[in-house]
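What follows is a group of structures, each given as structure tokens.
Common to both upcoming complexes is chain A, partnered first by chain B, then by chain C.
Let's look at the complex of A and B:
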């Protein structure tokens, strides 16, 4: 009898320790990045592009990479939405009732979601070689678009499924076509679309492996789609490899910038998801 | 009236095209990568490429064995570390923790999943590598720089925490409360209930979560590249350096166009990753979808 109670206690303590470790790892990571990055954080970091001799520790900042990342993640999210909203609507409105097909489609998007970004990067590179493009903002946007489509489709699909079937039936029985009904549904899921945008933006801004081959790197802010663009994660990666202490410090500061941006995005989307599920009927 | 119907028809056709295009991405990626790796496949057979450990791109010798072993080592280490911790955490969150505690803790797990790979890499360099070098390795080997498959496995383990915890949590939520109540009512402790009822019922879901986590760890690139040391040798202990497949691709994209067959070999590496991960993903998704359907039906 006592042995059972002891086992229960022992396991419970183990569980609590494991939980502390798993949840604590988040604080450990953010804490490490903050404590290392803050001393190197200057106003110049986020307002200037790299000056001459930036990579041996002279002045400048990573504004080029910040803007580049915003362009890549923003462009990919917009083009991803253009493709995935119709797909999510098609699966839910036009294929409703054909359970086997929708199951297969959903599984395919789940599988696509699991494909690592390095494979999307390599494939994006193939596309660029095929069309004779050089590493550029456009290339980066194409690769990241491929990367975020599965995420967008799955998120939108989940959101559309929360819309009560009665609403759809009501619209359809009043004589709306399926497209007109879809417009009603789209209006219902507006916060959900916003969540999807945030998730996709967060994934796009943080990913390295997909832009490594495709977006290139440049010290200037790109002014057209055909110019190479620096991205924040790549800037961190390159600067960290430098033997110069000052440059490494900038890598920590850049990591801090990226962490803050991503945390804000994630917190916002968490809040939105919560709000959204609260109003669910 | 007619116009509205035509509009509906056109839009439905357009959507069909978009859907087919994005779904066929799976096939297009596979075919594209296979096509680009043909030159190296014509040069040597699958068996040779997978089993040879000679990596001399300049001489046209591409042996992927060290890279495959590197990937397997880091993946295995990460799963061995992460799985027990995540299972304990999930059981705690779903069976023991007060709702209020749960509501505070789960968002942090989600936040962890939002952190980009490169940040994990920086953290690995700043925290895990010194940890391995100064506090773990000295107990076992004479000297280690800290850049090792163990460091890669540790970083990966933290990266897959949120994935395993969230899926297992969802699976645990699908287990009927009546089953657990019955066991508890017979006098079993909570842990006995978990051990004898919950785990048995949740096993397929736990397996699926593990397989997903393996495939995630398999394909992770930049974080692993930053802490593994990247030597093209087969690791023999956890303190050896390793060179996983994704790191190989990412590290050599610059020079691959200047050496014949090199780009083809790297595309073959991408193809390998793609095939393995595709298989793992399909298996785990089929299990998970079946679970979901059982619950609905």
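Let's look at the complex of A and C:
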């Protein structure tokens, strides 16, 4: 009896410690970003592009990187969804019953999901070279799209699999075609689609390696797909490398901006998930 | 059987993942009657029911041979139009699964995919079907509310109304009352009795009392084979087969 109680106690302490570790490091990270970034967080940071001597500590902000990041992550999420939704629907609704093919496809997307982002960056770079493109917003969107597609397909696949087979049967029994049934399923998983968008956007906006060669960097806000675009993670990277204290501080301010952008996207999708969950059975 | 059968099954064999689920089934389902399929769990009742509207097609590793004639037309004919076959049959599943939309849109769904009805026509149709299932007075003030907000019993009646809205000839019920409370069960059972005026109804049930209350004919299935088929009273009170006798008495379940 004593042994069982001790075991219970030991496991419980272990779990509490692990939780403290995780939550603690979260607050440590956020705390660091705030304490180091807040003093340098000026209105200019989010409303101005880098001025003349920005990288030696003079005026300007990182608006170029904020806009660039939103363009890249947003563009990649939208184009990723356009490709991933049909794939997920196809795997689940048109190949159902063909277990071998769906197993192979799911494994392929698992493997793709595990590939490090630098590989997608390199691959995106190859595509660009092939088409004679230069580092540009378009290149960045292509590379990040490749990066988020496996994540989107896997997430959507999991979500579609939670839809009860009886709901599909219900739609089919009413004489729906497979596509009409798929539309019912898509309605049902709308909250899940927003989860997928959130995950994809989060991965896309935070990734450095995929945009390193493909999107390039620019102090200006891109006005077309063919211009290079700055991104927040790269901006942080460059600023951190500076010997000037002012610039290093701005790196933390940029990190703070990135965190807040992700936070806004998270809250926004939570609201949308709630709003579209009213039909959930 | 006096009138021509509505569904005629001829030498139907179903294999799922190399298991022989339905063995050489031949049966005629009478027109505008309630026919109940009874039998122990896993005997193939639901498989038989789902073979009628080809929902079986979606099962992995399924192999179907034989014929199922509906109105004299073989639904397993490669040229058969599957949406057309399914339109003829309304399915009421074990648990209600309303579509993720409003009460109104649930009923309007079928008519909308099969045609392009005008708003006024749709309004009338929705009202008619909701009245037919006794739901109208309960929901007429909140037709735009999500169907998921209804109680389970109301949802099941909504699913029935949704099925009736596509103007089927046959209603298939797969243990349609098993998730419902006694009151809702009673309402659904009464609806079946009422609806057989216009529709042929096939029910899968494991509740003998229900089979006795609502059905005109009973099919007893055991281990994938039809053991006995006949009028309700005969099968339940005076079964010819030993297996049926044992099942009705509760020795096998």
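Things to note:
FYI, the second predicted complex is superposed on the first by the 241 of 281 C-alpha atoms of A that agree within 3 Å, B and C clash if a C-alpha of one lies under 4 Å from a C-alpha of the other, contacts with A are read in each partner's own complex, and residues count from 1 in each chain.
The definition used in the following text is that contacts are C-beta pairs under 8 Å (C-beta built on N, C-alpha and C of every residue); 3 or more make two chains touch, one makes a residue touch a chain.
Since this is a predicted model, take the numbers as computed values, not measurements.
Of the two partners chain B and chain C, more residues of chain A are touched by B. Of the two partner chains placed by superposition, only chain B is touched by A:236; chain C is not.
Of the two partner chains, chain B is the only one touched by A:118; chain C is not. In the superposition on chain A, A:164 contacts chain C only, with no contact to chain B.
Using the contact criterion defined above for the overlaid structures, shared-chain residue A:137 touches neither chain B nor chain C, since it reaches no partner. In the superposition on chain A, A:184 makes contact with chain C only, while chain B stays out of contact range. In the superposed model, A:151 lies in contact with neither chain B nor chain C.
When the two structures are aligned on the shared chain, A:173 is found in touch with chain C, with no touch to chain B. When the shared chain is aligned, no partner comes close enough to touch A:62: not chain B, not chain C. Common to the chain B and chain C interfaces on chain A are residues 177, 180. The touching residues of chain C, when paired with chain A in their complex, are 53, 55, 57-62, 83-84, 86-87, 89-91, 93-95, 97-101, 109-110, 113-114, 146-149, 159, 162-163, 166, 172. Of all residues in chain B, those touching chain A in their complex are 4-5, 7-8, 11-12, 14-16, 18-19, 21-23, 25-26, 29, 32-33, 36, 84-86, 88-89, 91-93, 96-97, 105, 107-112, 114-123, 125-127, 158, 161, 165, 189-192, 212, 215-216, 218-222, 226, 246, 249-250, 253, 266-267, 270, 273-274, 277-278, 280-282, 285-286, 289.
If you check the complex, the residues on chain A that touch chain C are 96-99, 164-177, 180, 184, 187-188, 190, 278-281.
Contacts from chain A toward chain B in the complex involve residues 4-5, 7-8, 11-12, 14-19, 21-23, 25-30, 32-33, 36, 83-84, 86-87, 89-91, 94, 103, 105-112, 114-123, 125-127, 146, 149, 153, 177-180, 202, 205-209, 212-213, 233, 236-237, 240, 251-252, 255, 258-259, 262-263, 265-267, 270.
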